[in-house]
Each structure stands twice: as C-alpha cells, then as structure tokens.
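Okay, so chain A shows up in both of these, paired with chain B first and chain C after.
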Partner chain A sequence: MSGFLAIARRELAGLFVGPLAWALLSIALLLQGWLFVLYLRTSGGDVDLSLRFALGESWAFWALLILVPPLLTMRMISEESRTGLLEFLLTAPVSDAAVVAGKFAAATLFLALLWATALVYALTTAGLGVPPDWGALLGGWLGAVACSALFVAVGLFASALTSTPIVAAFAAVILNLVFVTAPLLGGLSDQPAVRRAVARIDVIDHHKSAFLAGVLDSSYLIFFVAWTLFFLFLAVRAVEARRWR
Partner chain B sequence: MISVSHLTRTFGSLRALDDVSFEVARGEVVGFLGPNGAGKTTAMRILTGYLPATAGSARVAGFDVLTQSLEVRRRIGYLPEAVPLYREHRVSEMLEFQARLHALPRRERAARIARVLEQVGLADRRRDLVGNLSRGLRQRAGLAVALLPDPEVLILDEPTSGLDPIQRLEVRALIQALRAEHTVLLSSHILPEIEAVCPRVIIVDQGRIRADGTPDELVTRLAGASHVRLEALVGPDAEGARRALGALRGVRAVHDRGRLGIHHAFDVVCDEDLREDVGALAAARRWALRELSWRRPTLEQLFARIALGAGDDGTLLEPGGSARTPAAPSAAAGAPVALSLAPAAGPPSGPAAPPASAPVSSPQAARVVYNLNPFDRGATRSLSVPKAVEEPGAGPDGAAGR
Partner chain C sequence: MALGPGEQGPWTRLSIGARVVLAAVLALVATVLVTWVAERSALRWRADLTADAENTLHPATSKVLAELPREIEIDLFFSLPDAPFQLVGREVQDRVRRLARLFADQSGGRVRVEDHDLSDRTRLAPRSQARRHELGLTGIEPGGLAAVSAGGRRQLLRLRGDFSDLDPGNADPRQGPVRPPRVAGFRGEEALLAAILKVSEEHAPLVVFTKGHGELDLESSAERGAALLVRELLAQGFRTRAWDGNAGAPFPADADLAVVLGAEQRFTAPEFEALADYVERGGRLLVALSPRTVDGAASVEELLGRFGARPRPGGIVCTPMPSATGALQTGIPQCAYAVVGHEGMPAQNPVTDPLRTAGQRVMFYASRAVDRAPAPRSARVLDLLRSSPESWFETPAGGADRYDYAPDPTSERTRFTLAMQVVFPPEPGRAPVASGDPARPEARVLAVGSVDALANHLVVTNRDFIANAFDWLASREYRVRVDSREREARRLDLADPAPVARVHTVAVVLLPGLCVLLGLATWRKRRSTR
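Up next, the complex of A and B:
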C-alpha cells in the first residue's frame, strides 16, 4: 500500500514538474471555456444544458477524452522500460500491480482535476445568479472521471506493450476510438446480436444515460469499473511479461 | 547470504547463464568479472528478482528470489548499469521516493537521506536536478539511492563505468568502506578495479563460471608460476650461474634467457618472492646486477586468456597443464617465432624442475617484424607488410618474457 501511494505521488509530481501536464490543462481549459460560452449563447442561456455539453454531450468532450489519457499514459511504462526506471521500480519492494495501480491513480486524478474545471463555469454562473443543478453537475463529473479511468487503463496497457511512447499513444487512441465509435458502427447493423454486443462496450451511452442525467446507477458504475479493471489486469500482465522477454 | 544453484537463463536460443552455482557469505565482497555479454547483468537481474530464471534457483538472505521476491527486494540495494533515476526530480526528491518505496519510518527519513548523501559525497548537490548531474555524480546519486534502505546485500552492476579516474578511486574507497556493513556483489570488466576492491573474484564467460577464488589464488592456480627476473654480468660461465641459481631453496626451475649485451638474463621460477635470496647470491658471486625483479602473471593476463577462449575446453583450469602444445619455435617451415604470454619453457634444469612445470602457453601469436630497410631482400618488397623472421638457433627466448 505504501508502495502504491509512493508511486502515485511520484507520478503526479512527475506530471506537474514537466510541461506536458500544464500544456494539456491549459489547452483543455481554453477549449472547454470557449465552447461553454458558445453553448450558453446558442442555448439561450441554459446553464444546465451548457454544463451537460461540457461534461459529455459535446464532441469536444469526447475528443479530449480520446486524446488526453493516451498522452498522459504513453510515457508512464514504455519510456521507463527504456530508461531502466522500470527495472528500478520492479526491483523495489513493490508488487507489479502496485506499480501499475500507482500510475493509474495518478493519471486518473489528473483527469479528475481537468474535468473539475467545469466547476469554475458553474461557480461563475452561480455567482451571476443562475445556480446550476449541482446533482447533475456532480453526476456528470463522476461519469467523466469514470470514462477517464477506463481510458487511462487502456493507455497503460498500450504503454506496457511497447518501448516507444508514441506507438503506445497511437495504440491507445485506436482502442479508445473503438470504444467510442463502436455504437455508431453498430447502429448500421440491424442484427440484434450485433447491437447487443455493441451495447456492452458503448461508453457514450453509459455515460450519457446515467451519470450525465444526474443518476448514480450502480449497474452503470460497474460497467466502467469492470472494463477498467480488465484493462488494468492486462496492463499488469503486460508488465510481468516484460520480465520474460 | 547469496546462494545460487544451477542457475540457467535462456533468451531464445541464447544461453545467457548456463548452470551457474556459487555462494556468497555475509560480509563478503565479491567481484563478478567477465567480458561484455558474459551474463553478469543477467545473473544480477535474477538475484534482484527482475528476471526469472529458466532453471535453477537462487536465494538471497534465505529467501527464494522467485517465490519470496518482495522479501528479497526489501533486503537488497540494486544499482543497475544504466543508473535509472528520474531526471526531472531533485536528488533529495529521488531519495525520498526511494524511502517511501521501502516504507522507511517518516522520522528516520531525513537523517538517513542526509547520511547517504554524506557517504557518497553529494551533500552539497541535494537540491540539484538529477538530469543536470554529470555522469559521475549521477552514478553516485544512484549509489545513494541503492544505499538508502540500508540493505543487507548490495548488488552493483558496473558501478564505476563512465567515471573518471578520480571518481573511480572515490567509488572504490566507498565500496571498501561499505564492506563492514554489507554483503556486496559487484560486476565490472575493469580488472584493476576488481583486484583492488574484491577479496574474491568470480570470472564468468559465456554464461558459465570459469574461476572462483581470491585474485592471488586464481593467478597462482590458473596462470602458472611466477618468477624472479635476474639480469646480471655473470662472466663467461652462464651455465654455472644457472646451476647456482637452481640450487637456491624454493626454486623450481631456472631458464636461461640468453645474453643481452654484456649481461645475461635468467628467469628463476619460484612460488614466493626470492629476490632477496637471488640478490644475496649475486652479491656473494660478485655479479653486477642490472635488473632484479619479481614478476607474476596478472589477473589481467588470466582474464584475457579466458575471454579469448583459451579456456573453452576447460584445460586452462588445470594448473600447469598445457592447453595447447606451444608452437614449435622458428625452425619449422620458416614459421614465425611464437610470442607467448607466459614465458616459454626453457631447457629443464635443476633437480626441482618437473616437466609439468612448463607454464601454460596461450594460443600462439605470430611474431612479426616491420623491417624498414628497403635493401633488405630487394627493394620490391612492400614495406608496409610485415615479414616473418627466421631466427636460426635463437629459439623463442628472444621474444618471450619481455
């Protein structure tokens, strides 16, 4: 446990001493802020709708979600395997699972912070006299964090597979795209079996129909937890497999 | 402390380690010596639990490295060759991270960090970014990280590679200071390094242990006897002088190395340093001395022979046994005169000279001479090509023992 905390702490510190985290944060903030104003204008001042856009209803949210986690995770394992730092971590008194979990926690925490920026907009509008639906906002944020956790796990798995960060990022983006675009492709088919299968990986629908509506449904939560754990498990296995190569 | 039995590790078809067994007792400092790719790093990685072995087992501090890996890892400090450190952190931050990984009590952390920084001489660099440190300083920072949890066993992979001579001396001194508290296993391909630091040496090559013992032992056992070199003005009766030398106590053989100008050279083969006895004899006989020196094969020569494959069939490991018959000197078909690492066997002499004492010869390298005299054998000979020389009657002695 202490090893897990030490690694999570170091990863977070490592993120914030480098330029990448700050660059991602500022780009995401700029984009989201600009779009939020745009949503407010087009929706005629509907604060709740605009916040729903910022946390899952818009293409910009999903674009960020597909791109940002891979950029965060791409270096976490692959680069460390190249510089020998992975050798250092794997010979420290810490289990492989704790190494992966620590990195996972750090990246997820960072993204939770990134999505919490929506809170800034909510507080601003509240200060101007239009309080948002706080429950829906919290639900939307939780859903965004759950989606991020899943994509971080995917990214870590990809990072554990290769020693080249850019390849890891590419693989993770493609896997994320599968999750996000599968329902669109599945919608083209009228086979019920295909539709059912697609529904099992439909991240967008699970996020929108529960979290974003302000409903905390455990079955929806489990959907995210299960997929996240599955990819974390794969990532741990991939790290272990490096020892045998 | 470390016990390795029948360890084998293969990477595909490559056998990086092949049935390696050794033991290291508590408090021992053992040097792992071998050329690049000999399997040193692989062995260390297995001991630290980073790599699993294909076959065989290893225990560190009584714990199996595979099944009780975490227990083992709590007890070792490992410095990999690449010295992995987070470049974006300060030295002190890196050490704090290591302290947390090893779950050192919060109260002790600061004191321990200060102590290891003092030990490696980085106390004034604690605020520096690791990425800005020079190679030598980074090496020391890595050593500090490995030392921080006060491990029972230290495993250092090439701890002095990339250091300048002064830094090397410092690291050497540091390792010697650590001997009191830790068991140390270190690898290197730098021989003086190992000879200076390690009371015990394990020589590995191509995944196998070729030799194991103290440097002195190895040299005596594997590389053949040492000798006292005497160059003196002995007068016309060289044979009489040779006999007189051979009659000294402890002398196993005396080889006549022929005249060098007005002086005569002898190699007095013996196990101990007999310079005083030889000197006394020379004084008694009123021989004017030009040289009196104690020469012994170095670990370096031994290592070179092992690494060059001379010991491949294991014959080198036999003390005094001739792995290969030395090439016949000069006469045969105008062959170049052989140059051997060890002195070639002279005519056996003295009652104490068994034939088996002929020192082992390495694969014979041809002696070649660059003769720049354009009129030698006609001017058409290319002067950039060495020519073989025939030395009628001179025997191998002219080339040997220099």
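Up next, the complex of A and C:
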C-alpha cells in the first residue's frame, strides 16, 4: 500500500512539475469554459443543461476524454522503460500491480481535478443566485471520473506495450476511439446480436443514461470498474512481460 | 522475475506467451460476465441523486412494469425537431430516452428499448427501415415519435402533445419580452405507461361494422375504402367484425362499439332497432356520414337524431382555400376540404385535447354539418369539431352531388359543427350491454360529418383523431395518473448581460489563466533550480 501511495504521489508531483500537464489543463479548461458559456447562452440560461454538456453531453467532452488520458499516460511506463527508470522501479520492493495502480491513481486524480472545474462553474452560477441541481452535478462528475479512469487504464496498457511514448499515445487514442465509436457503428448493423454485443461496451451510453442523468446505478458503476480493472490487469501483465525480454 | 539462461528457448517463450494470452482472454470473459451479472435486476442497486427525483418512477408505473403480462418494445424514432423547437425538442427527446431506459431497467427485461437515429437519413440502418415498415410508419414528422408495441399492437407517441407541451416563446421584441422556447410540461412517464397498458391488455375491444347499406368496403384499398382504418384499429389493439343485419344476423352481443361507415341506404327495421337498443342500453356508436342525405325512417339520420345529433340535410360544409398568394379562393373542388385546427376543438376533452396540445389538425372532406336535436334524458352534448368561421353550407347546384363550391351572396358564413359527441346514461330498467363498463355505465355516441375522414385517403392524416375517438368510445382512457415531472427551472437571466459576463470571466479567463500562470511559475522554478 505504501508503495502504491509513494508512486501515486511521485507521479502526481511529476505531472504538475512538468509543463505538459499545465498546458493540457489550460487548453482543456479554455475549451470547457468557452463551451459552457456557449451552452448557457443557447439553452436560454439553463444551468443544469449547460453543466450536463460540460460533463458528457457535448462532443468536446468526449474529444478531451479520447485525447487527454493518452497524452498523460504515454510517458508513464514507456518513457520510464526507455530511460531505464522502470527497471530500477521494478527492482524496488513494490509489486508490478502497485506500480501500475499508483500511476493510474495519479492520472485519474488529475482528470478528476479537470472535471471538478464544473464545480467552479456551478459555484459561480450559485453565487449569482442560480444554484444547480447539486445531486445531478455530483452524478455527472462521478461519471466523468469513471470514464476517465477507464481511458487512463487503456492509456497505461498502451504505454506498457511500447517504449516510444508517441506510439503509446497513438495506440491509446485508437483504442479509445474504438470504445467510443464501436457502438455507433454497431448501431448501423441490422444484426441484433451485433448491436447487443457492441451495446455492452457503449461507454457514452453508460455515462449518459446513468451518471449524467443523476443516477448512481450499481450496474453502470460495475461496468466502468470491471473494464478499468481489465485494462489495468493487461497493463500489469505487459509490465511483467518486460522482465522476460 | 527475469528468465534464467536455460529458460530462454523458443518453447519456453511460446508457453509463457500462451499463458499470458490465456490470462487476458480469461480476464475478458470475467469482465463480460461481471457486467452481465451486474445488470440483473435482482442484484442492482440505484440511487437517484437529482433534487426533483427525475429518475424515479411513480409507484403505479413500477407496479405495472412488475406485472407486465407480455414483452413490450419501445422504438424511438427521433429526428431533428423543427424551428423553433430544436433545443427544447432535443431536451424532450433526451428525457424520453432516459425514461425509456428507466422503464427497461425496472421491468426486469420485459421492456426493450431500441433507439433509431433518424437525424442522418443517408445512414439509416436497414434495421430501422425494417422496424418502420413492421410498425406501419410511413411518415414521421420533425422531432420524431416513439412506438410502443407488443405483438401486432402498437401505440404511437409524439414528441409534442403526447410527451410534452412546448412553448415556442417569443423571438419578436415587438410582441413583448423576448422569451426562448421552453418545455411547458413533460408527461413522458404517463404517456409511456398508458401506451404500455393499451398494447399489453388482455382484452381486445370488438368493433362491429355495419354492412350492406353502401358503407365503405372494409377490405378495399381504394381511396374510399376502409382497409387502412381496419389495419390501424388492429394495430391499436381492437378486433373488428362486420355485421350483416340485412342477412338477418343478430347484433353481436360481445360488441364493444358499433360503427356505421357512411351508410347510404336505410337499415331494415330490425337492424335499426338492434342498433338503437344496443346504444340505449349503454353501448357505443360511431356514425360517419356520407355526403348524400339518407332521410326517413330507419336511416342513419333518424338513428343519430334519436341520440341528440341531427345531420343537416341537403348539402355539405365548404371552406375557402388559400391560394399560393395567400388569398382565399372559392369555386374550386378543394373547398370541400375542411381543416380543423385547435381553434375548432374544445379543450379538456379526451379526443381533442392531445390534438390541440400537439398542434395537430383534422381533415374532413365533403362533410355534413351536424346540428343538435332533442337529446335523451341527462345527455351531455358537445360540439367536438367545428369548421372555420368562413365556412358556408353548400347545396347542390343542379342535381345530387353537383356543387359549384361557391357561396351564394346570401350564404351564412359561420362555424359549423363537423363532429358531435353525446354521452347519456343507459335507460333504467333495461339490461346493460354485456361489454359495458360497470364502473361507468354510459352510452357514448360520436357523429362524424365526413366518412372520408376515416377512408383510406385520409386515415394517415387523421390517425391520431381516429385513435383518440375509438379509445374514447371503447373507454380505453387509461387514467393512471402520473404527475408531470417538471424540472425546476434553474436559469440565468439572459436579458441581463452581467451574470453571463461574470460566468464568462470565471470560466474562460480566470480558470485557464490561472493554469497558464501556475504552469509558467513551475517552468521558471524548474529552470532556476537546474
């Protein structure tokens, strides 16, 4: 546990010491903020609807989710593998799982912080006399964090597969795109079995029809937890495989 | 752990690789299994975090879903809403989607939802097209609809009217303060529940059509046939049967309602008495009138007159038709069409209220005017549909059916009643009809001035009017009252630019700006420490 915490702390500090995280955060917040104000104007000032857009109803949210986690995780394992730091880390008295989990926790926490800016928007409108539906906001934020966790796990898996960060980022973006677009493409099929199968990995639907609607449903929660654990398991295996080389 | 020198052979690596692949496959299977098990309703736990309990179904709904006798399918055919309802229409679509999902989740697999996105017609899936064909959906209006079906039955629910009331707001500052369009009322749960009850009920009401007096042919697909009406009724969950009283067949004792579709000849005396007796004992009757007057004993005119509605003899109602320039035209055959909008319909009526709120119109052709006549004791008579105030009563110029569609200078221009509703208690001391509603024993009569309104060429146009009318006649008014779910309006006042400007400052300037400053500070600190 202490190994996991130490790695998570180190990764989080590493993120905020480097310029990449700040650059990503600035760009993401600028886009999110601009779109939030735009939604506010086009929805006739509807605060809840605008917050929903910021937390999953808009294309911008999914674009950020597809791109930001791979950019955050691309160096986490592959770069360390290239520089030899990973070998050093793997010889330390921490398990491979703790290494992967620590990095996962740091990246997920970073994204949770990014989505928490919706809370700042909400506090601003509340300060202006229009408080949002706090419960729905909490649900939306939890869903955004759950989606982020899944995509961070995908990113770590990709990062563990290669020693070139840019290749890791590219692979993770492709995997994320598959997750996001497969249900859309599957919906075009006239085979019910195909549609049912792809509906099982429909991340957008799982986020929108539960969390974003303000519902905490164990089934939807387990969906994200299970798939996140699956990719983390693959990432651990991939890290482990480096020992054989 | 690194491999030892003796463990680096190709077979060892292959074996390890195979084990890794196997572990990954097993993990994938476990993931799919866990998510599948988690979806089982018995194992699910959910909490509605919203302040208005938007995601919690009414106990009545939960009870119906728990006891569903058959599987229900909800097909959502949503397309882009028309102006000015693009944004609020999408909001309603979104709420209906979530509601349908909620129904599916709480039904334990008895309700299935399929979302067919019609926004991009070039990529319309063959599956969606096949479902539209199966459900008999020819045209879908902007915004789309939901089809609730079970077996061969289906109910259609429109975005506007059935699911919600939409307020167009005001975009013109000359006509008062500018207001954006909004959802004035959302009753999705009630609408879906009523539709599910209709398609899943065990009892299919029997509609008995009279035949042998020049009525519309129930099997004809011609313009003035009634095959589409019959198909529509079957889809709505009715059974249909023709009754040939001329041949001496007794009136079916299990009839839920009797329909006379444009009879142009008189009934025989026993037929007439059977129909009148059925209604007087609490039966239900729909009479759609032919443009030709059939007067005298045992005619439809006499039958309706007995219940308080009298078709005006000797002509039809005509209305001026707007030309391409907007000017009203007379003297053309199109004047025989009467289009009834919300201004010609009463509010708070189960037949017309959904049409009014949806902004739908009813189209009649060569319609008779229906006047009031002495009604049975304690009868309630209501003018259901009324023509436009420019209408006139057109009489044949030379011989039967020869109209010039031009009003005489002396013609009265007024609203004529095109459909009339009469409700009265059954005659005391007489055995009530077998199919009557014991909770509400009452006779219901609906006189429709135009048989064409129910003929093949106008069935699609008047589908909702027809569905509402037959539902009302068969007492299929499902009054499982579910309160309208209004999202509490949490809106910033856009008329005042200051609040939005403040949000803009925080969201677009302060937050990203703070990140840039912190990033620069970190970068400087790193440079200075090197």
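Keep this in mind: the second predicted complex is superposed on the first by the 245 of 245 C-alpha atoms of A that agree within 3 Å, B and C clash if a C-alpha of one lies under 4 Å from a C-alpha of the other, contacts with A are read in each partner's own complex, and residues count from 1 in each chain.
The criterion applied here is as follows: a residue touches a chain if its C-beta (ideal position, glycine included) is under 8 Å from a C-beta of that chain, and two chains touch if they have at least 3 such contacts.
What you are looking at is a predicted structure, and each value in this text was computed from that prediction instead of being measured.
Of the two partner chains placed by the overlay, chain B and chain C both lie in contact with A:V17.
Shared-chain residue A:A6: touches chain B; no touch with chain C.
When the shared chain is aligned, chain B comes close enough to touch A:P93, but chain C does not. Once the two structures are superposed, chain B and chain C can be ranked by residues of chain A touched, with C on top.
In the superposition on chain A, contact of A:P131 is made with chain C only, not with chain B. Residues 17-18, 243-244 of chain A touch chain B in one complex and chain C in the other. Those residues of chain C that touch chain A in the complex are listed here as 1-3, 13, 16, 20, 23-24, 27-28, 30-32, 34-36, 38-39, 43-52, 54-55, 87, 91, 97-98, 101, 105, 115, 117, 123, 125-127, 130, 180-182, 487-494, 499-500, 502-504, 506-508, 511-512, 515-516, 518-519, 522-523, 526. Chain contact summary for the complex, chain B toward chain A: residues 45, 48-52, 70, 73-74, 76, 78, 80-86, 88-89, 93, 97-98, 100-103.
The part of chain A that touches chain B in the complex is made up of residues 2-3, 5-7, 9-10, 13-14, 17-18, 80, 83-95, 243-244.
For chain A in complex with chain C, the residues that touch the partner chain are 16-19, 22-23, 25-27, 29-30, 32-34, 36-37, 40-49, 117, 120-121, 124-125, 128, 130-136, 138-139, 187-190, 192, 195, 200, 209, 213-219, 222-223, 226-227, 229-230, 233-234, 237, 241, 243-244.
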